[in-house]
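To keep things clear, I will list the structure first and then write my remarks on it.
For reference, chains read A, B, C, D and E in written order, and residue numbers begin at 1 within each chain.
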Amino acid sequence: MLLGRVVGRLWAARQADSLGGRKLLLVRPETASGGAAGRLVVAVDGLDAGPGDRVIVAHGSRVRDLTVGPDVADKDVVIGIVDGVELAR
Amino acid sequence: MLLGRVVGRLWAARQADSLGGRKLLLVRPETASGGAAGRLVVAVDGLDAGPGDRVIVAHGSRVRDLTVGPDVADKDVVIGIVDGVELAR
Amino acid sequence: MLLGRVVGRLWAARQADSLGGRKLLLVRPETASGGAAGRLVVAVDGLDAGPGDRVIVAHGSRVRDLTVGPDVADKDVVIGIVDGVELAR
Amino acid sequence: MLLGRVVGRLWAARQADSLGGRKLLLVRPETASGGAAGRLVVAVDGLDAGPGDRVIVAHGSRVRDLTVGPDVADKDVVIGIVDGVELAR
Amino acid sequence: MLLGRVVGRLWAARQADSLGGRKLLLVRPETASGGAAGRLVVAVDGLDAGPGDRVIVAHGSRVRDLTVGPDVADKDVVIGIVDGVELAR
């Protein structure tokens, strides 16, 4: 899973039926130094996260099936909103 | 899923039957700062996207099955054309 | 699998049921020169690892099923705590 | 799928039976600016590609099953040789 | 699959049963210029490779099943030891 920051939302009028009009969040993965890491991730929101939230994004068909349902064409799902991070050293 | 910009099209006369002559788009993934992130992605177009469009590309066997069909040897599919992005902060 | 250093823990009060309240570790992947490589990984701890430990993180549905169970929405699992590394040349 | 350039071939006398002595190509993934992106990919050649060719490499168990067969321990397969690229802008 | 150099071995006394005490190699992926690419890979050795060897590492559940067995919680397996590389241009 990845740790990232919600940096925005996306709208797409033309979309495959299998996206189902769900709320899509733009998530910026984080590095150990708090910087941005590589490309943005578009994740389905299963927890009502908002801009600025730090979230845990899981990837895979089973997490999709367990959360937003098997008929969704997306395997990146927000499954946790982070309250605290305890860093070592 | 990734957010990217359509930067071109590809033609391949010599191709595996399983590609089926489908329209192939070159997509450049984006970072939070709008820059390019890593390598290009070749995606099957299921929505008639064009050069310059910002698109959402999903990856996986189920999204392929649900959109372009199970006999296509490609798991990267354009499943949304982005109308708007609302950035936080 | 990846080699990384445990750099902290995460708490998430709002989380999908499928995470099951399990202990979540932040792991920083390592490069050959000992530096940090890309984005952080959030992994379920199956071995009681702690901050500063060097760990092996496996990814996949089967390792998840074999260790923390099939109903967990996470495919990154700490499956080894490293005692020694013998570097060549 | 990725777009890359064939930069060489590999030979491996000691190999798992499941590789089956197939022709292995070294492919360098490309970025939007034509540069090299990250690590090299070793792909099975299903189309008789040669050094210098620009190729499309697909990844996954189904593409492998559809092209080189289910008993091959490789999921990266050259499935197209690029004739033309039309870049936008 | 990736091309990499074996840079060392790992020992982990505390490990999940599903690793089965197998020999674990640290592999540094290579770029086209021979440099190191990103994070290290921990792979199970199915061919008795040693430090300094250039190896091909495959990833996936089927290669694991075909080589080291289905009960191993690792999907990165050394499946070839490289004798020669013929670079184009």
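Annotations
As a convention for this text, a contact is a pair of C-beta atoms (placed from the backbone, for glycine too) under 8 Å apart; a residue touches a chain by one contact, two chains touch by 3 or more.
The model shown is predicted, which means the values in this text are computed figures rather than measured ones.
Per-chain CA centroids place subunit B at a distance of 19 Å from subunit D. Averaged C-alpha coordinates put the centre of subunit C at 30 Å from the centre of subunit D. Contact with two or more other chains is made by residues 38 of subunit E. Judged by the touch criterion defined above, the protein chains form a single closed ring in which each chain touches exactly two others.
Taking subunit C first and subunit E second, the full cyclic order of the chains is C, E, D, B, A. Residue ranges of subunit E in contact with subunit C, taken from their complex: 6-19, 24, 26, 28, 36, 38-43, 50-52, 61, 70-71, 73-76.
Considering their complex, residues 1-4, 29-33, 37-38, 46-47, 56, 58-60, 62-63, 66-67, 77, 79-89 of subunit D touch subunit B.
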